[in-house]
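A, B, C, D and E label the chains in the order they appear, each numbered from 1.
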Amino acid sequence: MLTTFLLLPLAGVLMIAFLPKHREQDARVIALVVALLAFAVSLVAFAMFDRTAEGYQFVDRFEWIRASDVGFGVQYIVGVDGLSLPMIVLTGLLSVAAILVSFGVTLRTREYFIWLLVLETSVAGVFLSLDLIQFFLFWELELVPMYLLISIWGSGHKEYSAMKFLLYTIGGSALMLVGFLLLGLKAGTFEIAVLTEAPPTETLLPLAVIFWFIIGAFLVKLPVFPLHTWLPDAHTDAPTAVSVMLAGVLLKMGGYGILRIVLPIMPQQAQQFGMVLATLAGFSVIYGALITLRQRDLKRVVAYSSVSHMGYVLLGISALGAVGLNGAALQMFTHGTITGLLFIMVGLIYDRAHTRQIADLSGLMHRMPLIGTVLVITGFAALGLPGLSGFVAELTVFLGTLEVHPVATIAAVFGVVLGAGYILWTVQRVLAGPPNERWAHLTDADKWWEHTAMAGMLVAIVLVGVYPRILTDVVSGGIAPIAAILGGGS
Amino acid sequence: MNPLEITLGHYLVVSGIVFGLGIAIALSKRNAIAVLMGIELMLNAVNLTFVAFSRFGSAFGPEPTQPLVGHVFVVFVLTVAAAEAAVALAMAVLVYRRRETVDLDRINLMRW
Amino acid sequence: MPTIPEAAVWAIYFVPLVTGALCATAFRRTPLLAGRAMITAMFVAWLLALWTLQTVIGHHGEAIGFDPITWVHLGDIPIQFGARVDGLTAVMLVVVTSVGLLVQVYSTEYMRGDGGYYRYFAYMGLFCSSMLGLVLASSLLQLFIFWELVGASSYLLIGFWFHRPSAAAAAKKAFIVTRFGDFGFFLGVLLVWVSAGTYDMATLNEHATELSAAALTGISLGLFSGAVGKSAQFPLHIWLPDAMEGPTPVSALIHAATMVAAGVYLIARMFPLFQAAPENVHMFIATIGGITALLAASIGVVSTDIKRVLAYSTVSQLGYMVMALGLGGYVAAIFHLFTHAFFKALLFLGSGSVNHASGTFDMRKMGGLRSHMPITFWTFVIGSLSLSGVFPLAGFWSKDEILATAYEANPIFFGITVLVAFLTAFYMFRAIFLTFFGTYQGGEASEHGHSSHPHESPMSMAGPLLILAVPAIAVGWVNLDGSFGHFIEAALPEAVRQGHHEPVALVMAISTVAALSGIAVATAIYFAKMPASASIRSKLGPLPGIIERKYFMDDLAEDILVRKVLYGGIAQACELFDRYVVDGIVNGIGWAARMKGEVLRRTIVGQQQAYSSLLLAGVLVAVVVLFALSGAGLER
Amino acid sequence: MNFGDANYLGPAITLFAGAGVVLGADVFTDRRAPARTLALLTILAAALCAVAQAMWGPTEVGYGGIIRSDAFSSFFTFLLLAITAAVLTASGGGLQRVAQAGEFYALVLVSTASMVVLAQAQELITIFVAIETTSVCQFILAGLARDDRSAEAGLKYLLTGAVSAAVLLYGFAFLFGLAGSTNLEDIATVIAGAPEGGRLAIIAAFVMVAAGLGFKMALVPFQAWVPDVYQGAPTPVTTFLSAASKAAGFAVTLRIFYTGLGGGDSFVATQWAMMFALFAAVSMTFGNLAAIQQTNVKRLLGYSSIAQAGNIAVGLAAVASGSTLGPSAVLFFLGTYAATNVGAFICVIVVSSRVGSDDLRDYAGLLKRSPGVALVLSLCLLSLTGIPPTAGFLAKLYVFNAAVQTGHVWMVALVIVGVLNTAISAFYYLRWARIMLLDEPREATTFMPSGTVGGLLTLAALAVLFFGVNPTPLIDIARRAAATLL
Amino acid sequence: MTSIGITIAFYALSGLSIGAAVAVFLTRNLLHAVIFVILAFIGMAGLFVTLSADFLAVSQVMIYAGAISVLLVFAVMLTPYASRDNGNSLFAPVGVLVGLGFAALIGFVATQVAWPVFSGSDLEAQNFTGTVRTIGGALLGGYALPFELASVLLLAALVGAIALVREDER
């Protein structure tokens, strides 16, 4: 079943690749259909998922590289637990949304959707992989589509940004690979479950070093100060759909990696460096929020706010307790939907006004009430308004961390106040004010795909906000074993 | 090392000196043909080593059954040196035709 | 009537919510229907609230609990939400639904013709349901959630006329300033979980004394911080006057009767926990309340905008309540909250009616409206008298309880209360004289467009004024025998109940004197013009100027703290650091790699001998290194 | 000489004979013979011989102990034949600068044959003569275009090669002096006795040998000729050098260091492992950093080739007692690298024959001008970078894993250098890909590679993808081949 | 104990080779350099004789002093403008340093390593006579393959050299 999820987009890629040139526009339909099918698969998995059972479900496996006698046995294993399942649903949802908001793309349409689908497969592969090398493979695989999507269909300094994204990720993951190899050395396998079962104790380099090698890559992806400067550039110059995917799921790969790999396999080191992580997290939250206040470009606002918001993920992780980890997992999901939608909204505005400079925009609410309303709601979600999903996640994170890292938590809670500041200020500047002559020709969101994308994301945001158990009941099952390894509850 | 007792070491030292001189010539001279001379000297030095080992050398291990292998090696080195010299000459002539020089410090169209 | 079922209680919450949602969607094209739907919804809610009240009275104010539902699991521990109905809740429900209902009726006329008519009622629905949810909450977290939602709907309503930059800015200011308070509230909420492990407020109150002093201090200061923000206490009061940019019915409902009272309600709800906290906390709360009351009243004296006068008056009265709570006057505070809701709503609606007539809130442009709009005038006077605490109107009784509490507690606080009572009466009658007496100064185009010459408002606006005038007069009498007090004290655990205070005659006398003298001074200055206000002003030196600048509080907060320190200072420093240091290092690494590459590239100089040299030197170096390593014994 | 032993050398003899036929036909038909077809037929025949040899041939030493026919030599025989076949197939368009087509094909065949012998040789004299034969052919090939750059490349290559040969020879001389024999098995016997007294000589000897072979492998500091020669030589020749010559260099290095010096069980194993680690680290860093600013694609690929040599040499440094994991990694890497690099170079051949330039800027918008070429080249560049799902990713992974498996901390340091270099290399490889895929073309003319070359490109791309997705067969072959080294 | 004749011959011939090589390095005239290099080759041939490698000595004289030197002279003659100059390039200091380094390295290894050598009667037994037969046997016996390979090499060099310098037909 999960392999189907990985293969569906690739099937779409093949179909699009053989599409005749004059039917280029059909590429988007094909892409949409396969993405919807994949999303449906993820929903089926979500529905069929046994919330009470331990361990991975829907596992597919075969031995991929048969050389385990020389320490290079690599398996193809996919499976989900409560941690990865929401990420898969998120990937499915955001891919659909990303494809929907890309319906207006006319430049090299076929290639565009091919890369978008490849991106979906690679990201989903990261979430589904249960073997370190396979994980790494998908991790690297995602670079190519991202690089091309940003540098072909982006704007501004797109080539600089794409390259920066690429080099940051490769640079970060380079040492991660070393860490993986060192972890797999003694065990002779790279299977995560086996390594979790019996974490390596004697390694060639001190485990502390390996810890930083591996988590370094995840901190880049997350991103956390001071490894974050690729993010604003990449977001700013990426096309809307890519920003959606980047903020929505790619950043989550970092948090997911820490939860899936770093914590279970190196619990002692995690405990040892929990304080450092918490400090980084708390600082990132405030730092990101403060810089967000200063941004003049809408996308940079959202991008820097991501730095701030992903700090919560790391904060939740750093407490190393069940509640905090739950919060981190929740925050990953909710940030994915919220920021994804924010980028969609910014994209819709940009499609119409052809500028993202806040100073140029004003009074848009008069011309585009629907976009404005959705933007406000999403903004509320982003600033942690209860009833929308962001609040649940933040609350859970803070509940998990207050006792362990009080200072970092207080800093992070203050980040919420700053969040209200930058979001409302932006909303005020962009939407409010007297009707602006310059934008009198703009239209509201009027295409069905725009409506569908917004609606789908809003449903996810409100649903989780009002009834978080739909998510937490699944997540906590995935978190429990990790928390148990780390030494019980919070 | 007794200076009067001529041993393997003596020959090796001479070989080393000639090899070093060959290197010095090969690296110092502008003219490609002079460089070639240096290289030939280096090969000669190696030949001396082979012959000296053949003459004096035993082995760490079972004794060699064919001590004259060193000589055989030298024969091949001579052959190869001749072949290389021929090709080098041709190459030098070719370069000279195109560039009117065989000075290596002027043959640097391609660099960096 | 039978005991109210749980579903009906929840319906109080859901009916306005669903109606609001319908207004936003189904009634977009038929805005008039939206207004009527909202009125109906509020009427239903009001009836249900009365039913609830009746049921609770049947239980003598004791709580009716319902089974909670699990909202989310934290690890293994469930966080549960539910409804809890007791005396306090019932009273609040009635206040909110009654004022809410009247405000909806009033709004249908007041907002007539506005382009965002349906939007207005959608927001109203959201607000009312959130406020009712806040009141119904049985869990502190649930309360916090609705607290935030109330804030959000307040934001939407203040910024309703988003095309006016001042409205948009005021909305943002309101939200962010209250968020500062909520920062503390949120921490308090987190601390509750960490130290008590439950959010059920009844349980928390029951076992408050079992918590450590540090935890209690932290929690109560945190919760109080939330109250400071929401109830516009010093120093976070600065948002409320600006919030008057919203439509006037909104001000009446949210910024007078309901939302701003939520802070007081929160403290009252968690009163046992506050009581368990150390004494210093109480003093702190009372002091903040006292400062707020005095500060706001003094600004009210110099304000020229009728709505701002009322706004400062609200701040001042809320300060009263908070002070009372700090001094242990649970009943006094709630009683005042109860009465205040009616007469302040009345006053706000009255000011809206005035605006409807004159098109302005600037009192200097009004005058002489008494003859044009008698209903408005008389109801306004009733409200003012009630607010000033004139016997036997509602305000008199509730204010008297607060004065009595202060009298018993501390002479300084008592002095403050008396002074504030004087100032209150003074500024209210100053407003009356400026607005309704003298000659009409011309007005302005109204806040939603149609220019006007003064006239009485239509019945849908005047009606609510008349209706509200009744409770403004009479509602104080419910506690003559202390039954109201008993009723709401039933919400508290036995240990914290205080029982009924006998009215203190001396306090009543002083209060009445203060009020009457305030009225008298106002009459002298603004009606009789015996000393003209200008001459008094000149005698007071710089003081009026300072007060008119609101003690520089807004300047300090907005210009210095936010604009200069935060935005221009810290945030800019971070931004520059990010751009030039963090990103600079990144780009520097890239540059260094390129440069190093360039240098390495230049080693391929093009001359063949360089290549041989490199090769041979490489051999030499490698041999020497390996000899050295070998000699150093690294081989094993 | 016993001609019964000829079945050890079937492929090589076939190639030599084929070279003679090509040359003879060229002379006797007044340069109108279909030299390329003849050469390809020769390779086909040699391949058939190689198959026969692998299936039914001898598996032990022969020719008086100087030649082996084993899985290792078979691996390289097939690899070299495949590379040569690809180069010859693709060289049609790239030979405009080479007037003497007959000589070109003959020399390529001779060079290949010598390398096949080299892969089989386990005796120093044979190794030396084979190396020199293939080298001399390559010197000539590099100069065969006979223009300014080509001649310069030939001369530089020759002189540097001669110096490196002298150094190699000195190393051989020392080995001979220590063992009294030129046979690797005899040398192995001596080394197995761990003669401490000869340690210094052994170290000096293997450094010199490594220098001579490092010249072929293009390892720093023996690499300096690479950029100039790659740039100046006719592109098919560059292709040949970058894949075949390098592979042969690694083959003979493995043979000498494993069969001769005893692999991981040698008493100097740590020393030579460290030496290769050093060379590998320096090569990767130098190659990648120096490539960043390159604008000539052949030169760029030259620097890239140095860096890749460093990557492969990580496998050489991955020495562990009784293990051939390192060699198998080298073999796997070489196999995938051959497909990748030949694919890339064939693209360069196609482009430079149509566009007439090796400047990076002239690759702008190649996607619009020749989509197939652009895609294959991009895929090859991805593989060179080591990005999945290409073979290059797994090759790097395999090599790095082999290094870690040795269990030495300094090998981990080497791997760290390696992975960081991957990040650097991404910069220039992907910049090139971006220029092709994204930039606007300078000219609008479109072109297609010929049918055969197109097929070749498809084959290369499929190989790069196939080994990236299903590496196990190649890994198995590489492991079997490496196992015969000890 | 080496015979004194051998000792004298060794020093004299070594001196000749080394001196001639130094002269090659020092002389400014390329033709002189060729003559000096021939001298060095001859000195080497003498040293071979002292090592009882008679066949190699003869080969040395024929191939190096004869054939290769003639090639060198031809090369000088074919490139007349460059022929008189034997100047140093910028790399001369490097060359001298590296040369010295190698000489020192080889000297160090030569003297520090306890080479496995025959001594006494075993050494005497190594006093080859008539090496030609043995070498010839080896070349056509065990070393037939490199021998054939060398012939291919010579052929390839011949063909290649012609291909490189041949005038274009067109």
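Everything below uses one rule, namely that contacts are C-beta pairs under 8 Å (C-beta built on N, C-alpha and C of every residue); 3 or more make two chains touch, one makes a residue touch a chain.
Nothing here was measured: the structure is a model prediction, and the numbers come from that model.
> Pick out whichever of the two, B-E or B-C, is joined by more C-beta pairs in contact.
So, comparing the two chain pairs, more contacts are at B-E.
> Whose C-alpha centre lies nearest the centre of all protein C-alpha atoms?
Of the chains present, the most centrally placed is A.
> Using C-alpha centroids, which chain lies at the maximum separation from subunit C?
Max centre-to-centre separation from subunit C belongs to E.
> From the C-alpha centre of subunit B to that of subunit D, how far is it in Å?
The answer is 26 Å.
> Can you give the whole-Å distance between the Cα centres of subunit A and subunit C?
36
> Based only on mean CA positions, could you tell me how far subunit A sits from subunit D in angstrom?
So the centroids are 43 Å from each other.
> Please report how many Å separate the Cα centroid of subunit D from that of subunit E, as a whole number.
A distance of 31 Å separates the two centres.
> Using the touch definition from the top, which residues of subunit B touch two or more other chains?
Residues 8, 19, 22-23, 26-28, 35-36, 57-60, 66-67, 69, 72, 76, 80, 83-84, 87-88, 91-92, 94, 104-105, 107-112 of subunit B each touch two or more of the other chains.
> Find every residue in subunit E that makes contact with two or more other chains and list them.
In subunit E, 89-91, 94-95, 98, 101-102, 105-106, 109, 115-116, 142-143, 146, 150, 153, 156-157, 160-161, 164 touch at least two other chains.
> Send over the residues of subunit A in touch with two or more other chains.
Residue numbers touching two or more other chains: 167.
> How do the chains pair up in terms of touching? List each pair.
Every touching chain pair, ordered by label, is A-C, A-D, B-C, B-D, B-E, C-D, C-E, D-E.
> Residues of subunit E touching subunit B in their complex?
1-2, 4, 6-7, 10, 14, 17-18, 21-22, 24-25, 30, 33-34, 37, 40-41, 44, 47-48, 50-53, 55-56, 59-60, 63-64, 67-68, 71-72, 74-76, 78-79, 81-82, 85-92, 94-96, 98-107, 109-111, 115-118, 122-123, 126, 128, 131, 134-135, 138-139, 142-143, 146, 150, 153-154, 156-158, 160-162, 164-165
> What does subunit D use to touch subunit C in their complex?
These residues of subunit D touch subunit C: 155-156, 159-160, 163-164, 167, 199-200, 203-204, 207-208, 210-211, 215, 220-222, 224-225, 227-228, 267-268, 270-271, 274-275, 278-279, 286, 288-294, 303, 424, 427.
> Could you pull out which subunit B residues touch subunit C in their complex?
On the subunit B side, the touching residues are 23, 26-28, 35, 104-105, 107-112.
> Which residues, counting only subunit D, touch subunit E once they are in their complex?
Checking each residue of subunit D against subunit E gives 1, 9, 16, 23, 63-67, 99-100, 103, 106-107, 110, 113-114, 117, 125-126, 128-130, 132-133, 136-137, 139-140, 143-144, 146, 154, 170, 174, 177-178, 180, 195, 197-198, 200-201, 204.
> Quick check: in the complex, which residue numbers of subunit C touch subunit A?
Within the complex, subunit C touches subunit A at residues 70-76, 141, 144-146, 148-149, 152, 155-156, 159, 162-165, 167-169, 171-172, 175-176, 179-180, 182-183, 186-187, 190-191, 193-194, 566-567, 570-572, 574-575, 578, 582-583, 585-586, 590.
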